[in-house]
Every structure is written in structure tokens, then in C-alpha cells.
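Please find the structures below.
You will see two complexes here that share chain A, one where it goes with chain B and one where it goes with chain C.
For the complex of A and B:
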């Protein structure tokens, strides 16, 4: 397939994703929603930390930074999973265009990549809002110190890690797309199940080392674990952290996730063609 | 790629199927939607697939457009195998289905066409010109900025057809393209498609329909399909000419209760169809017989039912009569039977 067609497909899918995201409300309401959504998520974590600090009688700023960065960057998982879980259902059952997209030379895979990139863009805006408003609310509003040297962030490492992480999450998203092509019964909870699992085992709110042994094995197999470790390091520069080894694990889990994601998607598309599911109508 | 050696040299059929079978898992037992379907369609031909609902028309179109795999048999579109070379097939085809949403309801007509033009890989300047031309040709340019969800059924279908023609396909698949449209819009749509095929010269159209007049008016050749089997395939004229030796009589009787099923199995009766109108409390009846005198036996039987005969006319054969001669019943009974199973 021509590179030009792939790029056009991705560009249009990003634009369409934005249209789908924003079409339900007028611009002011949408802007408020866009602002409140990430901050609300962070505030919950912030208040849990505050209550914990009051109960234990000690404030641990390092723990807060662990929570703050973990939750801020988890937005990529949430947005990509949500977009990629719902798009098959929306395009097939709601808009009834999936079969026409499937029949174009631009191909469904690149269209899905474009829609996922729209999720990445939304997540990036949410991340910036969360970091900015998080500092304002917690540091200046609630007096919890945010121990980030903003001028000393390792932006090179952060960018590389973000890129690898996003590819991983999109590969997981392809697994979800494949499942949703084959069944129309799980699209509303699949995102929650997968995001919840990654949240629990990926070291978002507590160290994977605190998990039981079997939980640690799961955590070690997940790319998000290494993604968040390196992201935290690029912000906080903890002393004894082995960047190269964690990057190696991230790349290894990324390759594994891509292979599994593409295999599941390919098998799902074959089954969908075999069973006539690409233009399956749904009745409610 | 599959080629045919013809007088015009080495060239592929536009469409070719060989013993295509498609079986679906049913609730209780497997359902055979297509049963050894073999057809060939030449370049530049407008080919109709005529049959009642549930006959297998859409299933065949789905297989040919790579949306569905055949259970067995082989199918080629533009010389490419639909199962193994699907991506090559998609380069040369387009699909327009009637009664479906033509795009995203949240986008305008223009935005929808632009979106698909980019997925087809058209350069921006070509895409803009094509969109403008198609909207003008199909007479909906005044609705270019209207959200698709706000368009009427007729304009939605124009948009659908425009989307289907955007990539300049060599083979256009039309699945019931005039379904649910008013008479005038249907007529315009039909003439536009015929003009398109003539203009493109090698533009091939595979049209499925259950409207007899549509197939008669548009198609160079028609295949009659019923319960997954191709029963006949020829030009509409020749199919009708084959019935010239038979007598077709149309009658209208009072009462929606009139029942003509007694003709089934009568000697000399080839087939019949009946249509009930609750509004006028009448039943229209069409019967094909080998000799005219057989109809007088039918009239006698009718009188026993105490119904008043409002009109009786001899009729020229239509494609519906071809269907009746092949199946023994009209579309309405056939569709009723399909719903009952």
C-alpha cells in the first residue's frame, strides 16, 4: 500500500476521532469537561494521600510524587484503551461505516492507528493540564510539595519512553479491537477490565514489590510497569535506577505485545470475514 | 490473476464465480445461503441479480466485495481471487447498499466524501474536484454543508452513491440501491448509474434488486436467484421471450380473503402470484397457464368462493413471470415463505 494513502488515512482518522469526541456538546461545555476530567481523577488520589497522611501522622512527599506521576501518565492507557475499545462498536453498530472503511485501500489497521493517535493527543492535553493544575492545586493550594525540577527533566528519555509506551498501549488496543470485532457483548466493560488490571499490577499507585509473588510475576510481564518506572526516573532521577535494563524490558515487552496484538487482530479479522461479522447489525 | 482467452485477447472476466457455496450457522441447523452459484460478468456489463428477500443476493455481493468468505467454491473479481487477493479486489471495486447510512451522521455530506476520498488515497486536488463534480451531478451540492443525519432518505442515498463512485471503480456493486426511495429519486438514480456505466465504457455494474422493473430497465443480463440457486441467466428480453408460448392472465377480485392457492397442482398451471390490498379489500392475481381454456376452470373455482371478479386481462410477460415460471410462485409468496421458516 502506498505510504501516501496510509498517511492520509491516519490523518483523517485523527480528525474524525476529534469530531466524534467533541460532537456531543457545545464548545464551552466540552472545554470544561476536558479540563475537569483529568484533574478530578488526580484530586481523588490527592485526597486519598492527604487522608492517609493525616491518619499516619506523617506527610511523605516522595510517595505523593509516586502517585502524582503514575496517575498523570496513566491517562495514556485510559484514553487509548477507551478509544480503541469503542471504535469498532461505534463504527459498526452506530455509524454503520465499518464495512466501507474495511473496503478502502487505506485499510482498517491504519484507520485504527489514526483513531488511537487521537486518543494519544487527548491524553497529552490531559497530561499537561493535570501536571499544571496539579502543581497549582497541591503545591500552592494544599501545601503538598511537588518535588520536580522542571528544568532538569530528561526530556530525551521521557520522549523515547512515551513513544515506546504508546506503541505498547496501541498494541494492547489492537487486541481489544480484535475481541470487539468478534463479539459485540463486551465493549462497554472490556476497557474497564484491561485498564483496571494495568492500574492494579502496573505500579500506578503502589510499588509492584508490594504485590504478592504471583502479582509481581504479572507486573513484570506488563510493559506499563517499565514505562512508569522510566517516566518517574526521567522526572525524579532516583539514584540507583538501572535505566538501560528497564528500557530493555520495555522494548522486549513492547515487541511481545505488538506480536500478540497483530496476531489477535489478524485472526479476528479472518474470523470476522468467515462469519460475516464485519457489517453485523446490532439490535437493542 | 485469472484470465479468459476471448476474441478481444487475454483479459479477465469482470466477475466470475465457480460453484460458490455459503453456509451460515443457523439457530437450529445450518442454512445454505448460496448453493453452487456459477456466474460470469463481462467488462462493461450491467448485470442484475433478481430474487426475493432471503434469496442469497446480498450474501453473494458480500463474498464478491471481500466482506465474507465463501464456504467452498471460488470467486474472482477483476481477475483477482476474492479470498486470497482481497486487497487487490478492493482496489478496483466499490459497494453501495440501499437503506443504509452512507457515512458519519455527525459529519456534513462534504466532510463524509472528503473522509472517504482520503481513505481511497485520492490526492487533495483530485478529491476536491471529484467531490464537487459528483455532488453537482447527483444534484445535492446545496446540501454539501448539511450534516448527514439531517439529510432525507433520498439525499442520503445520493451521498451513498457519490461515496461509491469517488474511487472511480471499474466494478460497482449495488445492493438494492433504490430501496426505500420515492419513484422519481429511484428513476434518477437508475438513469445516473446506466449513464455512468456507458461513460466509463469498461465500468461493470452488479446490481441486486427485487424490483422487476428496475432489473428490466437497467440490466444487460439478469440472473434469477432463489434460495441460493441461480435458476436462469440471460438478457431480460430473451428470458421473457421464452415465455411466449404460455398465457399470462391478470385478474382482480373483490375481497382480501380470496385464496388462489387452489391453483397449485392444477394441470396446465405453471405458476401464480397474488397480492392482497387491505386498503381496497381486493386481491390481484396473476396466473401463467399453458392454454387459455385452463383459466376458465380457475374462474369456476373462484365463483365457488363467492368473490366478485372486478377485471380480467391478458398480460405480456415480465421478469416476474419468468420468476413465476421457474419457481411456481411470485415474490410475495416466496418472501412470505422465507419469513415463515
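For the complex of A and C:
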């Protein structure tokens, strides 16, 4: 397919995704929505940490930084999974446009990429707002030192990690799109299963070393684990951290995820076309 | 209300309850998801308490919170947002033209939703207790049950009130219901005690506007900390006040929003 067609498809999909995500409310309400949810999520884990630490007699700022960064950047997983699991259901059963998109010259795959990129955009806005408000609440409101030198962040490494991580999460999203096209009414739970599993095993708010041995094996096989480790390093520059090895693991798990994601999606689309599932109607 | 009318509306409630019960078990994959997904989330918070060496009863707080969250989720998605779904599938107009009380429909939904959720909640509670070896210290089971049922009553009354709002909503219904999850979990202290000195006064003040806060606090005291009715009588009074205030408000709100919807022609509007 010509590059121009691909880019045009992605651009239109991003624009469409933006409209679908935002035009239900005026900009202020929309901004509040995108701020409140992630901030409330951060406040929940922040207060669990604080209350637990105070009761046990010691507040460890380094552990707080661990969960602060982990929970904030987990928004990319939440947004991409949410966008990509709801996409097939909404376009096929609710708005009944999936068949039209399928018929257009631009590939459905690139349309999905565009919609996912819209989720990435929203996640980035939420991330910035969450980091800002998180610092205001925890550092200035509750007195926990946020040990980040904002001028000394390794932006190069952070950008590279974000790029690799986002590609990886989108590949997981393609697996979910494939499952959704072959099934119906499982989109809500799929999103929760995947996000929940990554949250529990990915070392998001607690050290994966606390997991039982089998849980640590799962953690080591997940790209989110390496993604968050490198993101934390780009902010905190811990001396004993092996960046190259973690990058290598991230790239390896990313390649594996892409291969599985594309394979599942291709098989699913083949079966969907064969079984007449592309315009399947549900409850609407 | 005449006896005949009362019987008629009880039949309506039963009919809606039956649909809810039947629907709750029609898709087994949902049943599994509603048991497994909360346990995954709870586990992360229990591990977080472990990371900071908090005492084991804090894991119990998380389990209780997660258990009660099953009811809040049911209130939000199964009660509040239900009229939005009904509108989308074309049932709302049928409800509105039928010679029945809207409150009877909501009552049926509430009881059906409660029965469905209680089985899931018990399973989450038992799984959490067994997996994380949480110490349980219930010395007054009747007090625990009283607080539990009062909390449920207050939550579903709140859900009935929200249902009137959602009746007019378009796509914002989805976002609003979604918005009422994490912020309510935070404010009500689902996973931590809001009475802790660490929690700022303003947050405690806001949390006291939510019935779930009093319910969770009471149940934790009775089920985990081994306290009795003399320690939770304020929680009981607060929950009774919530029920007494919210139920008539729900009825008023429902009538008001229905009339508004008729004037603005939004009761049968779909695909917003």
C-alpha cells in the first residue's frame, strides 16, 4: 500500500478517534474527565502507601518514587487497551461502520493504528496533568519529597522507551482486536483482564520481587516490566541499573508481541471474512 | 397507594428482577470475569501494603473494600447507567408508556442486581481471605449484617437517584459512570481508612458525603478489628439518614428528569 494512503488513513483515524472521544462534552468537562480518573488512581495508591508507611513507622521516598512513576506511566496501557478493545465493538455493533471502513482502500490495520494513536495522545495529556497534580498534592500538600530533577531527565532515553512501549502495547491491542472481531460482548472484560494482569505483574506500584516465584517469572516475560524500569531510570538515574540489558529485553519482548499480535489479527480477520462477522450486529 | 396498585407494581418489580437474575447468569464468561478481575486489582494493593510492611489487617481492609466495590460497580452500571442502556436498545420508551411505577422497575433492578452481586462479592471475599490469609475477627455477626444491609440500601437508593440523570444522557452516560469509579474509590476509602491522620480534613469531609464511606468503615471495624455495635452506632445512624433522604429524592429526581426529557424530546434519542 502506498505510504500516502497509509498516512492519510492514520490521520483520518486519529481525527475520528479524537471526535468520538471528545465531542460528548465541552472542552472543560472533557479536560476534567481526563484529569480526575488518573489522578484519583494515583491518589489511591499514594494514600495506601502513605497510610501503610506511617503505620509501619517509616516512609521511604524511594519506594514512593517507584509507585509514583509506575502508576503515572501505566496510563499508556490503560488508554491504549481501552481504545483498542472498545474500537471493534463500537464500530461494528454500535455505529455499524466497520464494514464501510473494511471496504475502503486504506487498510483496517492502519485505521486501528490511527485510533490507538489517538489513545496515546489522550494518555500523554493525562500523564502530564497527573505528574503535575501528583507533585502538587504529594510534595507540596503532604510533604513527601518527589526526588526528580526535572531538568536532568534523560529525554532521549525516555522518548525511545515510550516509542518502544507504545508499539508494544499497540501490538497487545491488535491481539484484543482480533479476539473482539471473532467474539461479541467480551470487550469490557478483555480490557480489564489485560490491564489488571499487567498492573499486577508488571511492577507498576510494588516491587515484583514481592511476588511468588511463578509470579516473578510472569513479570520477567512482560514488556511492561522493562518499559517501566527504563522509564524510572530516565527520571531517577539509579547507579546500579543496566540500561542496555533492559532495553534489549524490551525490544525482544516487543518483537515477540508484534509477531503474535499481527498473526492473531490476520487469522481473526480471515475467519471474520469467512464467517461473515465483519458486519455482525449485537444488541443495538 | 391502593392495594391493587401495590400488587401490580410488586409484579413489575418481580418481572424486572427476574430479567436481571436471568441475565446475570446467561453469560458465564462474565461471571468468571467478575470474580477474577477484582481479585487481580486487590492483589496489587495488598502487595503494596506488604511492600511498606503494613500490619496484616490492612490487607483485610483492601479485601473488604474490594468486596463492597462489587456492589458499587453494580449500582453504577446495573442501576444508574441502566436507563441509558435501556434507551439505547429501545426499552425505555416501553417502560415509560406502561401503566407502572418507574420506582418499581428500579426496585426490581436493585434486588436482582443485589442477589447477583452478593454471590460474586462473597466469592471475592472468600478468595481474598484465603489467598492473603487475612485475620477475620467478627464477634457481633448481627451488627456486621446490619451495617452491610444498611450500606446496600443506601447505595442502591443513591443508584436510583443517579438513574434519573442517566435517563437523559447520551454518550456522557458511559463517561460519567466511568468517572464515578476511581474518585469514589478514593474518597470513600475503599482501600484505606479515611479516618487515618494522614488523610487531609477536606478529603475526610468530602468522603462523609458518600454512604459507602460509613458502610466500609463500619464493616471493617466489626469484621477486621473485632469491634461491636457500641463502636459503630454513628455509622448506623449515618446510613439510616442516607436511606431516608435518598429514597424520596430519587423519586423526585426521576419525575423531574422524566418531565424534562419529555419536554426536550430526549427520552427516545439514540446514538448520541
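Side notes on the structure shown:
One rule holds in what follows: the second predicted complex is superposed on the first by the 283 of 284 C-alpha atoms of A that agree within 3 Å, B and C clash if a C-alpha of one lies under 4 Å from a C-alpha of the other, contacts with A are read in each partner's own complex, and residues count from 1 in each chain.
Following the convention adopted for this analysis, contacts are C-beta pairs under 8 Å (C-beta built on N, C-alpha and C of every residue); 3 or more make two chains touch, one makes a residue touch a chain.
Computed from a predicted structure; not experimentally measured.
In the superposed model, A:11 lies in contact with chain B only, and not with chain C.
In the superposition on chain A, contact of A:44 is made with chain C only, not with chain B.
Judged by the number of chain A residues each one touches, C leads among chain B and chain C.
Contacts of A:63 after superposition: chain C is touched, whereas chain B is not reached.
When both complexes are overlaid on chain A, the residue A:104 reaches chain B alone and has no touch with chain C. By the document's definition of touching, of the two partners only chain B reaches A:2; chain C does not. In the superposed model, A:276 lies in contact with chain B only, and not with chain C. Looking at the shared chain after the overlay, A:95 reaches both chain B and chain C. In the superposed pair of complexes, A:19 makes contact with chain B only, with no contact to chain C. Of the residues of chain A, those at positions 95 touch chain B in one of the two structures and chain C in the other.
The residues of chain A lying in touch with chain B in their complex are 1-2, 4-5, 8-9, 11-12, 15-16, 19-20, 23, 95-97, 99-107, 111, 273-276, 278-279.
Those residues of chain A whose C-beta lies close enough to touch chain C in the complex are 24-25, 33, 36-37, 40-41, 43-45, 47-56, 58, 60, 63, 67, 94-95, 141-142, 185-186, 189, 192-193, 196-197, 199-200, 204-207, 210-211, 283-284. Those residues of chain C lying in contact with chain A across their complex are 27, 29-30, 33, 36-37, 40-41, 43-45, 47-55, 58, 88-89, 170-172, 175, 178-179, 181-183, 185-186, 190-193, 196-200, 271-272. Residues 24-25, 62, 65-69, 86-87, 90-91, 93-95, 100-101, 103-107, 111, 114-116, 118-121, 123, 163, 167 of chain B touch chain A in their complex.
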